[in-house]
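Structures follow.
Two complexes are shown next, each including chain A; its partner changes from chain B in the first to chain C in the second.
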Partner chain A sequence: MSPIAIEVDSPPQSRSFMRRFAGAPLPWIMPVIVVIGIFYLYPVIDVFRLSFTNATLIGDNQDYTLGSITNALSSPQLPDILWATLIFVGGSVIGQQILGIAVAVVVIRGEKRGLFGTTILRTTALVAWVVPGIAGGIIWQMLFSEAPYGALNSILRLMHMPVVAWLSDPAIAPWSTLISNIWRGTAFSMVVMYAALKSIDPSLYEAAEVDGATASQQFFFVTLPQLRAAILVNMILITIQTVNTFDAIITLTGGGPGRATEVISLYVFNIVFRNYDLSGGSVLSVLMLIISLGLAFVYASFLPKEEEQ
Partner chain B sequence: MKSATVSAFALSTMLFSASTSFAQELATKDRIGLADAPKSLVVRLTNDSPNNSDPAIAEGYQKLFVDFIKKHPDWKLQMQFMSSDIGTEQAKMLEQAKAGNAPDCAAVDSFVLSQFMVNHVLADFTPYFSKEEVDDLFPFIRSGITDKDQTVRAWWWDTDLRVLYRNKSIVADAPQTWDDLKKAALASTKEGMEGVLFNGGRWEGTTFDWLANYWALGGKLVDDSGKPVFGEGENKEKFLKALNYFKDLVDSGAAPKRVSTIANYDDLNAAAAAATTALFIGGNWQYAQLKATLDEDEFNNWTFSPIPGPSADQRSTGTGGWTIASFSKDKDKVEMCANLAREVYMGPANALQQQLPTRKSLFDKYEVFSTEANKTFAKALVDGQARPGVPIYPEISNQIQIMMGDVLSGTKKPEDALNAAYNAALEAYKRL
Partner chain C sequence: MSGRTGTRLGDAMSYLFMLIMFVFFAGPLTYLLSMAMRDKREIYRGAARYIPNNPTIDNFITVLNNSYFPIYLWNGLKLAALSGLGVLIVALPAAYAFSRFQFRGKGLSMMGLLLFQMISPLVIMVPLYRYMNRLGLLDTHFAVVMVYIALGVPLATWLLKSTVDGIPRSLDEAAMIDGCNRFSVFWRIVLPLSAPGIASVFIITVIAGWSQFLVPFLLLTKNDLMPIGVGIFNFRGMQTDSSIQLLAAACLIAVVPAIVAFLSLQRLILGAMTSGAVKG
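And then the complex of A and B:
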């Protein structure tokens, strides 16, 4: 509703009130600022504060100290945890991105040709995204089960192939968690890529065809450059999402065997809820925030500038 | 005559609908008692409640709760239910209790009771249970619920223990020692079985089930002050011996490598149902589950015996269970919570779920506990040992789970894995 309309409909008193605040943005955005401040900003500030304390879940007293930061960051487990996180996040982002584009391209091409099953394909991919993380973990636990009746190993046996220690081998388990996470996140990438593909001007393809470009040349020299912004935005979103993922891992492997699949979000969960170390958990949460923001800034720096667009 | 029939029909319909509506009002999904009852008690429970996934158990609890509230008509129970992620639920509840926002009455897992005690958030239950009732408790239960001033801080109403299940048609005799178990498991693999199964994944069950072997050797996790001691002196030797025993089971093929992925007692039931194993270490409650899952003929092949020890006379088994405690400062609510523990849980709920009672006399009171199986379980409680009620225990358990995975998968040598676990537990202890 425009300010003019408000003036026409409002009684004289409220008209002067509206006029007074019509040009001032603060009163209009204040409710949003309050909500964001209370529900988003305050917890973040409190996590920063707690990381400078020695707070535990079971103690009443807390003092301000830098000890929690040095303890948490010098922990001998941290390098292994960060390595497991790097594999999990890096692999998930690359896998989800590539598969997301692939499925979106197949769906778009299928739709263009009026092929039967494109909607089914799209919906099937989305189902994985709708499934809660914990349920996804249970589903993959059944698939990866190394019991004689485990699903994937039974298929391998039928094909006379050697079975795989999907979850009990520390060298293979990280890849199993990666597969389950790629399965779950591909649908999100597909939706983003599908929308971006739909917005590409068809005349670019027509021009490429006139120039005699092959399908792969069209993909690499027309499609991918046109998807650049969508790919980078998608990478920011799925990186942040994956760094924070632990529900699927906790049900699939619990972080094991040993610490083979313990990513930083699960490590923080264990530190707070098993070790009751609130300050240590806060320090690592801040570290997670820095990692996510750092990666987001790196991706964002590659986004096309306004003049490029 | 016709009008009399109509009147009778109308009256019976009215009475039926009145009683139905009364019953409905008395028990909804999140409330037991009349909605307009003047007094209210917020109760947070596990699946040991009308929220149980087994409809028969859920219905049984519903009846117990309705009968209970009929005796206390001024009250209504506002029901809250925990998820299966017990560790997190209990940690959250502790935080709420410290902030003064905890439920009035709740289920507290026995092994984290000490965390609640050291934070002084539990109400005093002493006035509501007689000396005879307290004396009737098994000693480890009694010491678990009383603080250093001998004040009763919760009522521990059920307990459990771990045993070795075996398929008699494949393993005829009960293994008595570690060596016996290894031989029996290896023999079973020759008949196409997986060998002996046990929890070895990242969860509490892995630590708890294995600890029986360490306790059988006389090992201690913490000293009297609650400081971890499992990685030094004699304890270290015993710990390594018990750890190497499990490693040897896997290395020799007596247990499959996949045990390091087992983090659920249901996986053990599944293997029994699929007839892929003849031996597994599980909880006493699984006997009833096997009975419900297997065909009668198959079930008759299954039996259980005490967990083998390093020698036949060195035995131990882990015992756990749930307590009911109050976080309220209102004496009426504390009393009502104690009433709930006494009238619903201390006995009736044991019988309903066949959960072992914590009082000796209750084994004779309820017929379900007179079965051979339950009598044997009750006898085995003599070797029962509870986890130490100290704040560092959850982290010790976490470290043992990590250590077990590293050792069973061959990532670390037992001594290196133990040293890493011990150092991490000590570091965590310093921070608490």
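And then the complex of A and C:
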């Protein structure tokens, strides 16, 4: 910057006002502060406040009480909901992470070797990622359906194999929702892993080669350690993403059979907007927030420190 | 010698894995297409009629004629595009400031932005619904667009900051020596040079808006205000097992615009994601 030069052709009043105004960071950041303040910060504070009330969605009367918190947390359904959430989130994160690395590694290898179809595979995975959640649920409903048009069961029938109750057996339905979510979310991990793999210094592999490391040794002792930071950041992002997902489940199973696939986000949605229980929903929203942030901090604590890098 | 067979085996394994993955990712979408092009009798043949004997586009015509679908599509497009514009207007100046100014709490506020990104829209929708209701803003596209903008701003600011970071500061300085103030540097130099990043952030926001379900589902009640996401959800509720081909056609109509938008700017979007979100 050259303040001297600016002083030299000093302009009329309005321009110097403009300069002073534009030279401070605050006016530039103001729009973000206002939008985040009104639409994020304020509602979040209000959710905390509402969880200490007995507010409902209809009617304005509310008293401050701890009753909603004890009610929501002692609800007999909560353990089932948390279990369903654990399977859905844990399975999605593990599945998307492993598949994301695998696809990225194979795509990079394929590009290097000039194999046919690497670009097609990468693009197809990304297309699945762009599909809206509601549509994703509908698509997988058609695949898992036990009606005659259901794709998977009709394939099993063609092969004279017993059909599977993909969506109506409480023991199987959670895995079905998991598969559909892995389908939708893997591309994101793939992009992150692809970028991270590309930024690994090739000389590390040359050194490993000289030392006589096999391909799998190179993967476990060079690739994985180099990917550590990217994997953890990716896990934070997909964990939060998955904890918050519910539109894909609404259309696929609606939370059923029973409550087998009712994850916490869907439960909150139902409590607030079907039971009109605002305070109970707020308590569970806070719980959801704590789960997301808690997991994010756990992952973050495994991140390599700056000086290690 | 063993090295070469090893490479060839590796190639074979790669092809096998790529084939399985391709079936996994493309299979569901092609089945949707197959269902959407069947007549009533063929839907009961399941996967046995993967390629329908009598492919038809009647289902698409029925959906586009008989329902609110054109309105849903228009609403979806309008809300998504306006939110894309809004996100740029809000996030661009901030991205410039985060890139070019040094000030106290800069790192902290950038991290804070990411924290907001972690909050589920569900959490903020509870109070927002109440206040939109009090303000009389329920059933307005204005309220929906504003919430979309808020949801998109944190990520957009990060992505745009890394775009601006990529523009050499020496250009700013040269322009300032020539008498430009901060605003005209931003307007004449930074914005044009950020065009690729701006385009990708715009399209990412538009696709996210197109996929939105929760916000319009809660803030809108009138059918003629609904965007496509809520539209197909409601449409699904009206279908039975015997009209599943219509649902498939409707679903495909909702999916295709997002895919086309993404594919046409794939390179830009991936570039922005890998340089900004990941390494940022």
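As a working rule, the second predicted complex is superposed on the first by the 278 of 309 C-alpha atoms of A that agree within 3 Å, B and C clash if a C-alpha of one lies under 4 Å from a C-alpha of the other, contacts with A are read in each partner's own complex, and residues count from 1 in each chain.
Note that in this section contacts are C-beta pairs under 8 Å (C-beta built on N, C-alpha and C of every residue); 3 or more make two chains touch, one makes a residue touch a chain.
Predicted, not measured: the structure shown is a model, and the values here were computed from it.
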item	value
Partners on chain A (chain B, chain C) - clash or fit	clash
Chain B versus chain C as contact partner of A:Tyr149, first or second or both or neither	both
First (chain B), second (chain C), both or neither touched by A:Leu57	both
Partner chain(s) touched by A:Ile290 [first = chain B, second = chain C, both, neither]	neither
Which of chain B and chain C A:Ala230 touches, first, second, both or neither	second
Greater residue coverage of chain A in the superposed arrangement, chain B or chain C	C
Partner chain(s) touched by A:Val268 [first = chain B, second = chain C, both, neither]	second
Contacts of A:Tyr276 with chain B and chain C, given as first, second, both or neither	first
Touching partner for A:Ile94 - first (chain B), second (chain C), both, neither	neither
Contact residues common to both interfaces of chain A (with chain B and with chain C)	57, 147-149, 269, 272-273
Touching residues on chain A, where the partner in the complex is chain C	1-2, 5-6, 9, 11, 15, 18-19, 22-25, 27-29, 31-32, 35-36, 38-44, 46-47, 50, 57, 99, 102-103, 106, 109-110, 113, 115, 117-118, 120-121, 123-128, 130-135, 138-140, 142-143, 147-155, 157-158, 183, 186, 191-192, 194-196, 199, 215, 230, 233, 240, 243-244, 246-247, 250-251, 265, 268-269, 272-273, 278, 281-282, 285-286, 288-289, 292-293, 296
Parts of chain A lying in touch with chain B, wherever the complex brings them together	54, 56-60, 71, 76-77, 145-149, 165, 167-170, 253-260, 269-270, 272-277, 280
Touching residues (chain side chain B, partner chain A) in the complex	87-88, 91, 94-95, 98, 115, 118-119, 194, 201-203, 256-261, 263, 267, 270-271, 274, 276, 391, 394-395, 397-398, 401-403, 405-406, 408-409, 411-412, 420, 424, 427-428, 431-432
Interface residues, chain C side, partner chain A - complex	6-7, 10-11, 14-15, 17-18, 21-22, 24-29, 31-32, 35, 43-48, 89-91, 93-94, 96-98, 101, 103, 106, 109, 113, 115-130, 146-147, 149-151, 153-154, 157, 172-173, 176-177, 179, 181-183, 186, 207, 210-211, 213-214, 218, 228-229, 232-233, 236, 241, 244, 247-248, 251, 254-255, 258-259, 262-263, 266, 270, 273-274, 278-279
